[in-house]
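Naming follows writing order (A, B, C and D), and every chain is counted from residue 1.
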């Protein structure tokens, strides 16, 4: 509506002209921000208020045909799917958006009946790319030049990326996977109908690192891609993706980086940027929920190559829920660039003494911090004194087996004391996935020489959570040991 | 935002032009409806969808200064009241509106900081007047020519109307009140610092009607106003407001009609219209919640005289919550004229056999329907057989007193069987209000010759509620009598 | 909280005991409904109010750890994913649920940190199975004995089902696909890394039907599965799934039915029930949005075999958004069984004269209804007179090519007149998907002898939409022909 | 629901017992907080999350009969007001509460049909009293021993208090009002049908203070009450309510304190506490919106005397909207005591250099801060140099009149630069209210010797607002002077 109309309409409502002028200047300011969002497609510096975000969302949803299908009957629908919503609760929680995203051919395709939805999805992509570039420090010319938003978790997104690569390279069916003890990615490989070859890790001090030599030896012309990981639990540290990238370039093999929750770590971003320059990186898969504090269920895939991104969109068969995208859109507008940067800085600040304080608790109980400086998110302390020492005559395996359960109990104790997110890993845990046996499961290494536990200092953590965690950890280990003694 | 901007912005987002055209045509259609609302200020024929209503509300609230006071700091506030809202839950339930309505001088005055709020309040007044004129059948030239919305119940609104009349007529302090046994209005008179003279009612068959002669006899130059009532519980029927209006004109006395929930009854509207033509009516007070199905707390005062309405606004000292107005605004837009008319028709339809079916239940138990044809909302049946018959030797008063409690028990039984809204009135109930004794309290008559109960067929009642009520009533009377027999 | 506590607490707040009794009886009644839902896990007969649904949702979300992580710090989280939500708008639209569904190993696995979420997902499965059994008429012992809810559209769900079958049968890689001209399912096959063999259709009168002979001839020990379809656009009718089921049993080949929006059609349900009895059916894939009027993005896979369902859950790599499940949960509770049955009946009623009235419009313009009695959702009318007749000397292909575009224009005209969902199919449309050429694309037949258009009478359609559609269609064909004449 | 039921129900849903235990422990913790709220009726130390607040609200609204009146028809309503809500948007914004508060006899009376609503209102009163006692520092034994919440602004609340006093003292009709230039309170006096005698103020340095002698001289046996004010714009400072209280005690006259937005100032609380001890205070009226950051429309009246409070409730004729109470309830739970204390501390911190920095800006432009140390909320600076100096020959009144408008323009300039809340007061402003002339209107003094402007440092102000205000003020005065020079 033009200002002149409003001005005369308001005058008829006996609103003084000076009031109207102020009000319209607010509307003009809001519209300017909307226009700027449309035109510049960048994260606003300052976050928007919830009121402004909702106004904008309803503006967009008004564009969709299902929302002009009310009692006045502008639209009549005689298709099999017309975006009808039965429950008003459901309609309202989606701000009227009903058509999801994509079309049968491509998940990024705009929908004729739902322009507002299409715009929402496209805009969110631009906003999140901007956040990743200006906030997380990804290079806009390489690592984060192109991207696609998927309403799927990182595992399924990885599967989709693999499917798209497989379709373009039908005679390569092997995936070299730098071992990381997490199920989703491993399953993604077989979901995509590919064969996983696990590349073992190696130890450097406490750090579990990429075994470059083993990787190189596994290269062949049957290899479709290498998968590396840049966010993981200590003592595993991020893969040496720059060096892997060089190898992949040399051997003309794809390279996918699983950077699930790595966007919060500036040094990881730098490393990935470097990998894109010195070697080959085809896709970087990141979670939206772990990095941007939205509910579970979205991923962003980045790539220096447009065609890689386009092929991913085409593999997704059909429409999809846009709900995870909507969450991300609201969150990014609410944060603004400054809000996102503040979250990153707050984490940085929480980090500063996290390791040191965790170390102090460990040492109080005769344990020590695992020295994994390349992992800035997850931290580990040894738990070797929790169990009885080994009798000299005892077989080591039998010994380790006998203390597995007692040590694991610490994790349950912490959880029952309302500490969530810690992982307690006894030595020589073993697990079979997809027919393959993983020794030392949990540590990503066959023979990590310590029982240990990890805790993360992740984005969004509140200082009081850290304080409280350290207090409860101290207390719980104390209680744990006391219990042990009693037996 | 102009269409050209959106078109090119969407093109940059790779939305095909044909899609954009469809979407913008929806937006244009919505904007046309908004403009029409601003310009015509009439209830839309068809109700709006919740999405459209919310879009419009956020459009309005964007005009208020408190909603452009976000992190980007367009506005800075250094007053003592800046519309800050602590809780986001609270902000969202008000769609960002924080400033309420009115200013210290007048509750209808627009607020410089909150143009959106001011527009909301003004528009709602126009919409409700339109609903009352085109839906309820009030004459736009007389009875419903002017109006004011108050975020107060009918009782307090009545008090405000009385205060405004008193200020203009400082030496008249008596209010003639055609007896209606309901506390709020009676209290409103004393709240306004005036003296209430109760005009008794008289019987015409079962109907409790206006005692015109008693009223005329009470007229004097100390009388400020007469208060009549047009919506009430049977056997009281609406006052003969046309004849009272003539009396008031003759005696140059104000006349206020308490039409609390009468807007749902077309014949009452006609009678009030007639009263305005043949005599004097100064103000008609109607509830918003009882007539328009919104939560408790609002009233609309109508008048053929602009000055009467203006004076009411000036009596309210200070700002007020606009929450009841917001509810009404949303509801009227959601109904549209057709929706409101449908509600009125549905009630009309429910009415058709309500009395007849209620009568059938009554007769089954040896009782009968009270014949009160002028009351089309509330219906009564006698309950004389519920109590033991009077012993011939027994004093009537003692007898009536002795059966008061047993009869009342029926109401509690119905309530405990999840029937709400019935009123059971034994004979000779007595109550003292403001020092005055009311004999036969509940029936609005000193000596109504029956115990009885009432039930209403009010706007919004669902046919299944009526069905179920009649079943439960039948059953409950049956049980009641059985219990009585046992004793 | 127990009633005694509330009773004494309310007494302390000066609430009379009789009031408290009534209020608590309401709470008890609500709790009884909750308990019944937990214990019986069936759709309530009557739908719940939005208030009750929200109360229940917040009850569940209170169980999740992220919602007790407030300022009082019951929980402290030191994992990399703690269900933190940045935006209060986002948190509220999910009623506090942040953890999605599933774990890395299995999408149906409960989550330790999020019991409320786990319960929500499990309950929804039971409710939707109940709706499908008692509402849509699926047999609870066969076709709908087991089920899994996926937050994915039908296409991706089909892909997941195929992946799970492939993993169990690694040396069968061919999928026999009874041709249906829709991209998602075709893409799902290649997404799963399988080879699609298209089985042609055949004509029976106007109906495009299953070519059983061609299907049988294609059977081999390389065939993993047959895919049939039971909801489709006219003139294609649902596949003869009972006979296909027999063939699959004979040849020991899997059989997946794509029943995308077929749950609204009772005769289709019966046919599928029969197929499960007389032959082999492994999985039936249905959309949640098209059948239950929720936003796009969910599917339910049914099966008579538990292991089939379990394997699907294991293929999904990682957690997923539970937002589509939440929508379904709210919607089913809001409908109740009666509400869902009413929707089905309303469609049945709309159907009764849909074909007949559509036929009348067609005949008015010299066209006719396509006779496809087995398709009760989609209806077609010929459009042969829309184009100029063929010149005798003219080559047929050249002729058809020349009139393709003009005929297509009718679809665009209808859309620009705000009719959505119609499909206009000229003759000899051709399309290439995945390297395969489909002649006569759109009709699912190489040489369907008419140009035609389709319209659906789908669940949720409003009678006024049908009325208005027929008016606009009539008008649009009229205008279309007039325009043609002018040229 | 008892835990045992849930545990077995969850087991049937295949939720592992350990998960259920964690979830139920969260529910138990929440229920414990609810119980504590019911039993202790005190503000929780830590604020509740929005999820928990909503859970609790829906728990309460489930108690109301209108919310068990769904399709399953537990309740059937045959009254004229059954809490039916037409729009689901409206129902949801009130969390299902429809019945408002109070009954025709008393606004604090519980409602039989709406126990949840009754409990909500009662609890809110306890919470706000607790906030006022433990947060704002009011004495629980005297000043804040009793209280009543009104869904009315301070002005109307004052009117209600006056009405209740008048009814108890029918032959006293004079109100002595210590002059404060604000319309609402003045109007409240006449709304209540009482006569206002304005007691002039006097100057002490820059401060405009209570004229105790004038007050004492005006005392008589016709005086119903004195009204003093403790929150006001500089240079008016809070009244010497302790000394006034003594006077009132001596003369046996009521004493009402208008403490509209004074709860944020600890020294004011102390002074009022003292007044209650050393003399007579009958009622203290405070705004809810200005003190607790909720939308406009509520007040709390405090008193050391229970009967005073009870009489106020009885004067309100009828039911009222409970929406302002609901806002306050949500807000107080969301804050918790710590959150409220933090707001008070933040203001205290903002205060520390507010005056000093404002003074600096003033001095830069040749003006100075008004020295009003007893006003800790509103601050003033002189504006004497903004206008041309007086010509020696010029008549002072004529001179002041000639510079009135130019000086006022500064306020408009600030507002148009998005600074809200400042007040610019030229000298010798004059205004007539209710027939009485107020010289020097705005300053509350007949002859305040400066033109000046005020700005407030009120609760909820953000430090960045203060920073920005000072920058804009500096700039605006600079521009203002430049403009003046040009003329």
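Keep in mind that, in the parts below, a contact is a pair of C-beta atoms (placed from the backbone, for glycine too) under 8 Å apart; a residue touches a chain by one contact, two chains touch by 3 or more.
Predicted, not measured: the structure shown is a model, and the values here were computed from it.
J.: As a test of understanding: of all chains, whose mean C-alpha position lies farthest from that of chain C?
T.: Most distant chain from chain C: D.
J.: Would you say A-C or B-C is joined by more C-beta pairs in contact?
T.: Output for the comparison: A-C.
J.: Just give me the whole-number Å value for how far the CA centre of chain A lies from that of chain B.
T.: Between these chains, centre-to-centre, one finds 55 Å.
J.: Counting only Cα atoms for the centres, state how far chain B is from chain C in Å.
T.: 46
J.: How far is the middle of chain A from the middle of chain C, if each middle is the mean of its Cα atoms, in Å?
T.: Each chain's C-alpha centroid was found; their separation is 30 Å.
J.: Any chance you could list the residues of chain D touching two or more other chains?
T.: In chain D, residues 18, 22, 50, 54, 65, 68, 73-74, 88-89, 92, 112-113, 415 touch at least two other chains, as defined above.
J.: In the complex, go through chain A and note every residue touching chain B.
T.: My answer: residues 1, 5-6, 9-10, 12-16, 18-20, 22-24, 26-27, 29-31, 34-35, 38-39, 41, 44-52, 54-55, 58-59, 61-65, 67-68, 70-74, 88, 91-92, 95-96, 110-113, 115-116, 118-119, 122-123, 126, 336, 338-339.
J.: Would you pull the chain B residues touching chain C in the complex into a rising list?
T.: 18, 22, 88-89, 92, 412, 415-416
J.: Can you name the residues of chain D that touch chain B in the complex?
T.: Listed in rising order, the residues are 50, 53-54, 65, 68-69, 73-90, 93-94, 97-101, 104-105, 112-113, 151-156, 158-160, 163, 166-167, 182-185, 187-188, 190-194, 231, 233, 261, 287, 289-290, 292-298, 314-324, 327, 330-331, 334-335, 343, 377-378, 415, 418-422, 455-458, 460-461, 464-466, 468-469, 472.
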